[in-house]
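For reference, the structures are reproduced in the following blocks.
One chain, subunit A, appears in both complexes that follow, with subunit B as partner in the first and subunit C in the second.
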Partner chain A sequence: MGTQALAEGSGISAGWFGRRGAEAWLLLGPCLFYLATFAIFPLVYSLRLSFTDLTAAVGTGRWVGLKNYSDLLADPQFWNATKNSLIMVASAVTIQVVLGVALAMFFDLQLRGSSIVRGILALPMLITPIVVGVMWRALLNPDWGLINWAIARVGFEPPNWLGSVEMAMKTLVLVDVWQWTPFVVIIVYARLQALPHDVFEAAQIDGAGRISTFRHITLPLLMPAILFAGIFRAVDEFRSFDLIYGLTYGGPARTTTTLSFFSFQNGFQFHNYGYAAAVAYVMLLILVAGTTILLRYVQLRPGHTQ
Partner chain B sequence: MKRHIGRVFAYVILIALGIVGVAPFVYLAILSAKRRIEILAQVPPKMVFESATIARTYREVLHSQGMLEFTANSVLVVGLATLVALVIGTPAAYAFSRLPFRGKEGLGGWILSLRFMPPIAVAIPLFLMMKSIGLGDTYLGLILPYVSFSLPLIVWIMVGFFDEVPREIDDAALVDGCSHFGVLWRVMLPIVRPGLATSALFASIFIWNEFLVALYVIDSRDLQTITLGAATLVSAQRPIDWNIAAAVGVVTVIPMLIFSLLVQRYIVRGLTVGAVK
Partner chain C sequence: MNDIDKNARPGRTELSRRHLIKRAAGIGLLGTGFDRLMNVRWIDPVAAAAYDPKKYAGTKISILMVGGEGEDRAIADLVPELEAETGIKLEIQAPALGALIEKTFQIVKSDHSPFELISYLGFLTTQLVGAGGFEQLNTYVDSPDETPPDWDFKDFIPAAVKNVGIYDLKTHTKSGSAIYGVPGLESTSCIYFYRKDLLDAAGLKPAQTWEEFNSNAQKLHKAGVAGCSFIGANDPSLGLVDWFTRFITIGGTLMTGDPNGKDFRPHVDSPEGIAALQMLIDTLPFAPQNVTQYGFAENVDGFSTGKIAQMIFWATIAGPIFDKEKSLVADKTGTAVVPAAPGQKHRSILGGWGVGIPKNADPAKKAAAWRALTWLTSKKTNAYEVSKYQVSASRKSTFEDPDLVKRFPYLPASAKAITDAEVMTTAYIPEVFELNAALCVEFNKALIGGQDAKAACAAVQTQWEAILRKGGHLI
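The block that comes next holds the complex of A and B.
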């Protein structure tokens, strides 16, 4: 039986060439063409750039093969940036997921006014990290910032949040946690509301305590949402750039220079386009490898995550 | 009694969460209403404000520093890019939701994976592309990349919304001889209006906040978008006047906050598309 017969059977053509097939092509075409031109082509262009020594000064850039990549592997600053990226992703995602699930459970108590607080907590996500950076640089200012004043007021020595090499990465993660934990809360809370209530009632009738209900029933049911939120956060942390630009500018002493920021510095400040492109491609490789492994465990498709 | 204490404790946490969420915004607004010298001298800032000071700071920020112009530029760029992305992305999302065609899974995964692409990986090539076709330092040179950044987002959200519409609705129209375009235009679009609002909201927020590509593409000061303008005014590299910096922050954030409050119910929908069904 050919596709034609199948198509007639289902009433819709499965091929590219029937009337319906042509329609599929017309509906999809502009989007695919657009993405091919302004997303895929730049990516290919970037790969090509990474094999050249193009700088802003030199017009075309000579082909240098894998030189940028071998330079990269020998560059201690590249390894420093890789280390910082991994620290940032691991710590920020862990804190946000744990805190986010805890807060989602807390909001599930349905206290009066909690929907207002959830609305307030959604605000930080919407604003540009540049302004988040300014906000927190003010709050954490060593001379007049509100937070240091409050810490000193209760009798502790306020840390040098942004100025010391020990604290800067922690501060960056802290601010990121402020901005993005609500994302995890919203995803997990929405899933929590969609869970069938009879499961919990049955558990309570069976005499399960709160903690064991959470561990053995709630948590497994929430897992798809937690993984979804965790993966989105991990990818966003990894490519995060604006907050670093706005808060620490990679410093002090490069302790907050992640791969994104390292690539930016090479490209925008030092005009080493080839080298910057190589850094970006290493990032892409890490991203592709990371998400491929993660997606073995979770399926990401809108509307069909379960 | 124990229950009672637990409840009080829970409300204390709730209020604390609200404060943690909103206090940085309030602090920024307060700083923007103070004189430079007051910020350094009054710790914590006193709740006394002079309208003359506020007027002077904001006049400086809006006019002399150009934030008003940057806002207008951003409204133009965000509006056009979002519109184009919706027009291109919605039919594609409809096709992914409804039409069987070869390579659908792969193609869908490919578009969605672009949502995870780090902007830093394409900023330089996009900048070089725009320059070589004569669109460096123009609005169009920004709008073209912004459409492609928004497309995966819009397709992602819209597929979720189309999937929620029962198939019987479009099947009935198809049996009546309607083409898929007809179904999309006359039957589906009115139903998925919340989806259009949600994806427009998220695309707008993303574009409003974007600044890396803008940093590369835009050279002229008078073409800067609001986030790029704000970033250059309050950059972490150089010492700044804090009252001015705070006012710049307030001006950058307020349009988005108002916009999001107006369409608040779509925020949660947009964030949870694909996560919960």
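The block that comes next holds the complex of A and C.
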């Protein structure tokens, strides 16, 4: 029996403006208010901002149409930041997924003490990224950092982790992998625990080896979890800001300046609010496009969906 | 001529405050305003009687100022004393620098300011005061009813007054006699820090020229002690302190043309610009191994733990360097004005803060805000700031205080540095931070070997011209 039929039977109007409608508004109201105030309004406001020349000092907030966007396309620093963002997402997420799956498989062996190690492994995830950045900057300090000291003690020349153009991005990815691989481990491990045993038993009876079982059974069954973790990490990685702020501050020579850091610099250091909002919206467009393509790819492959 | 004080000392012009403004206005029209304004002596024989310290008792005043740089702690310490003496209740809001700048710009553009006093960076005087955001203070300064008799405006360092205090809204220059801000709660420049013991042991003298600085660095450099250091990281002070100081002291001119016109042209790629950067590159072998990652904290730590023999730095760090509890070299450190090329003036960048009353503050509270402002920028407060937190002073009397000089031997060098310091001309336009960020990125890249000095200066020049064109300062 539909709502309309119920309403007709009881003589109560089920429309949005009837008595039930009022109840619905009352129940939905706080949520709608929250969404409108804290999600929709900032989005619309910042979109409008991206079409203005607003700066802290002299900007009038004048409508400039697509000027900020056309300036962006002609700005070499924007393209540098885009390149850095894509490098960071691709490298960090790939390593996290590969390492995360490997560790989840390892923990699935249920060796003695593995639950304790799993718990310890998850700790980095619980630390605020800005703190992770500052902590690793201290650990990698070239003068008194613990890691360089340890490397020097065993007779090697410590690398210039944060001060060299060649190393800075690698270091950033390394620290990010340290912090977020546990996230992939947890997702994949949870999925591993839920896999049906009968399939593996059948494979064993059919004489499938470990590698073959992993390749043809485990991996396809894990794929939804892996893709979920990968997409989630990619989105999060793409907008990563605080780790960069704490660890490299976008340097040296802009080699770790990502789009989010570039937006921050324009907005909060140079006070070019209109331009910064345009960067943020380009980021949003890239994210929406990337996520849509990935999700579609998943749906197009039936074996990968659950 | 009854406005001239009969007790005036020979060689000094002394007149009553009431007539000062008349004279200052005249002087301003004659185009020599500032120097004359600072040379007159303010005598107010009836001021003490006219001044009632408790006139605004019970008024609540809010100040917006920078947090985490010492001044906020000093003022917070003094709030009870301020209330006891004036009856004014002071509320302090002290965000970090970035948030403060953003908030200040928002406030001066709004209809009503929630703060009766705002502290602003000297770099932003043109953008904040020049935009008409602050109240002209001459009427208050001139009134014996409103200004404490011992406040003494001419005691402020003239360069600091010029940096944050006076402004001509017609010509948009830091000139004339209209006062919009009071120097404080900190005024600063850069000085030369060196290790007396190491120089003595090596038979060397503190460097007067950059050649001597580099030569000393080479001779003092040994295991455990770097011959010199500088801010080599991608940090704002790489441009503001180390490059700019060398640049102007070898004869460089950063900008030419009118900031308000369309011909504000940079000269970063001039021979002096390239030479200043090359000087830094040349000192790399005598600097700490990781100097390209050294910012503010690393240099202060390095010097105070005895690992650096000489460096040019903001005078504000002298406090911790000379503090025996925080520094291993407190007794071994000497200070002087920065080196310069032969025939050039020993000068560096002028930094520091001003405090003013926003134009859109509650009109009923403005006089009380002035009262609080005079208290917060008084001789007593300034001396306390230096004594307790080693904030860089704004007043001549503080720099010359014998007790303070005894405790903090860097004060005379610091005073001389501020007196001769130069405002970085990019501070006249809102793009100052963007310009400096571009400069620091490229210079840091040169220091880590990514490009040579000429390429770095050319890259900065190109980026600056693009930024200036975008901002409408250059065609």
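As a working rule, the second predicted complex is superposed on the first by the 268 of 306 C-alpha atoms of A that agree within 3 Å, B and C clash if a C-alpha of one lies under 4 Å from a C-alpha of the other, contacts with A are read in each partner's own complex, and residues count from 1 in each chain.
Here is the rule we go by: a contact is a pair of C-beta atoms (placed from the backbone, for glycine too) under 8 Å apart; a residue touches a chain by one contact, two chains touch by 3 or more.
Note that the structure is predicted; figures quoted are calculated from it, not measured.
Novice: Could you say whether A:Pro196 touches subunit B, subunit C, both of them, or neither, answering first, second, both or neither?
Specialist: It touches nothing on subunit B or subunit C.
Novice: So in the superposed three-chain picture, is A:Leu109 touching just subunit B, just subunit C, both, or none of them (first/second/both/neither)?
Specialist: The first partner, subunit B, only.
Novice: Which partner does A:Phe268 reach: the first (subunit B), the second (subunit C), both, or neither?
Specialist: A:Phe268: touches subunit B and subunit C.
Novice: A:Phe228 contacts which: subunit B (first), subunit C (second), both, neither?
Specialist: A:Phe228 contacts subunit B only, not subunit C.
Novice: Just to be sure I read the superposition right, which of the two partners does A:Pro220 touch: subunit B = first, subunit C = second, or both, or neither?
Specialist: neither
Novice: What is the contact status of A:Gly155 with respect to subunit B (first) and subunit C (second): first, second, both, or neither?
Specialist: In the superposed model, A:Gly155 contacts neither subunit B nor subunit C.
Novice: For the overlaid complexes, name the partner, subunit B or subunit C, with more touching residues on subunit A.
Specialist: Partner touching more subunit A residues in the overlay: B.
Novice: Under the stated touch criterion, which partner chain does A:Tyr249 make contact with: subunit B (first), subunit C (second), both, or neither?
Specialist: both
Novice: So, does A:Asp143 touch the first partner subunit B, the second partner subunit C, both, or neither?
Specialist: In the superposition, A:Asp143 contacts both subunit B and subunit C.
Novice: In the overlaid three-chain picture, which partner chain does A:Ala277 touch, first (subunit B) or second (subunit C), both, or neither?
Specialist: Once the two structures are laid over each other on A, A:Ala277 reaches subunit B alone.
Novice: Touching subunit B and also subunit C: which subunit A residues?
Specialist: In the superposed arrangement, which is not itself an observed complex, subunit A uses residues 143, 249, 268 for both subunit B and subunit C.
Novice: Which positions of subunit A touch subunit C when the two form their complex?
Specialist: Within the complex, subunit A contacts subunit C at residues 55-58, 71, 142-143, 160, 162-165, 249-254, 265, 268-272.
Novice: For subunit B, which residues are in contact with subunit A within the complex?
Specialist: For subunit B paired with subunit A, touching residues are 10-11, 13-14, 17-18, 20-22, 24-25, 27-28, 31, 39-40, 43-44, 88-89, 91-92, 94-96, 99-102, 107-109, 111-114, 116-126, 128-129, 144-145, 147-148, 151-152, 155-157, 159-160, 163-164, 174-175, 179-181, 184, 205, 208-209, 211-212, 215-216, 227, 230-231, 234-237, 242, 245-246, 248-249, 252-253, 256-257, 260, 264, 267-268, 271-277.
Novice: Which residues of subunit C touch subunit A once you look at their complex with the stated criterion?
Specialist: 98, 101-102, 105-106, 124, 127, 131, 233-234, 288-290, 292-293, 298, 302, 430-431, 433-434, 437, 441-442, 444-445, 448, 450, 470
Novice: Going by the contact rule at the top, pick out the subunit A residues touching subunit B in the complex.
Specialist: 10-12, 14-16, 20-21, 23-24, 26-28, 30-32, 34-35, 37-39, 41-43, 45-46, 49, 103, 106, 109, 111, 113-114, 116-117, 119-124, 126-139, 143-144, 146, 149, 178, 182-183, 186-187, 190-191, 194, 224-225, 228-229, 235, 238-239, 241-242, 245-249, 260, 263-264, 267-268, 273, 276-277, 280-281, 283-284, 287, 291, 300-306
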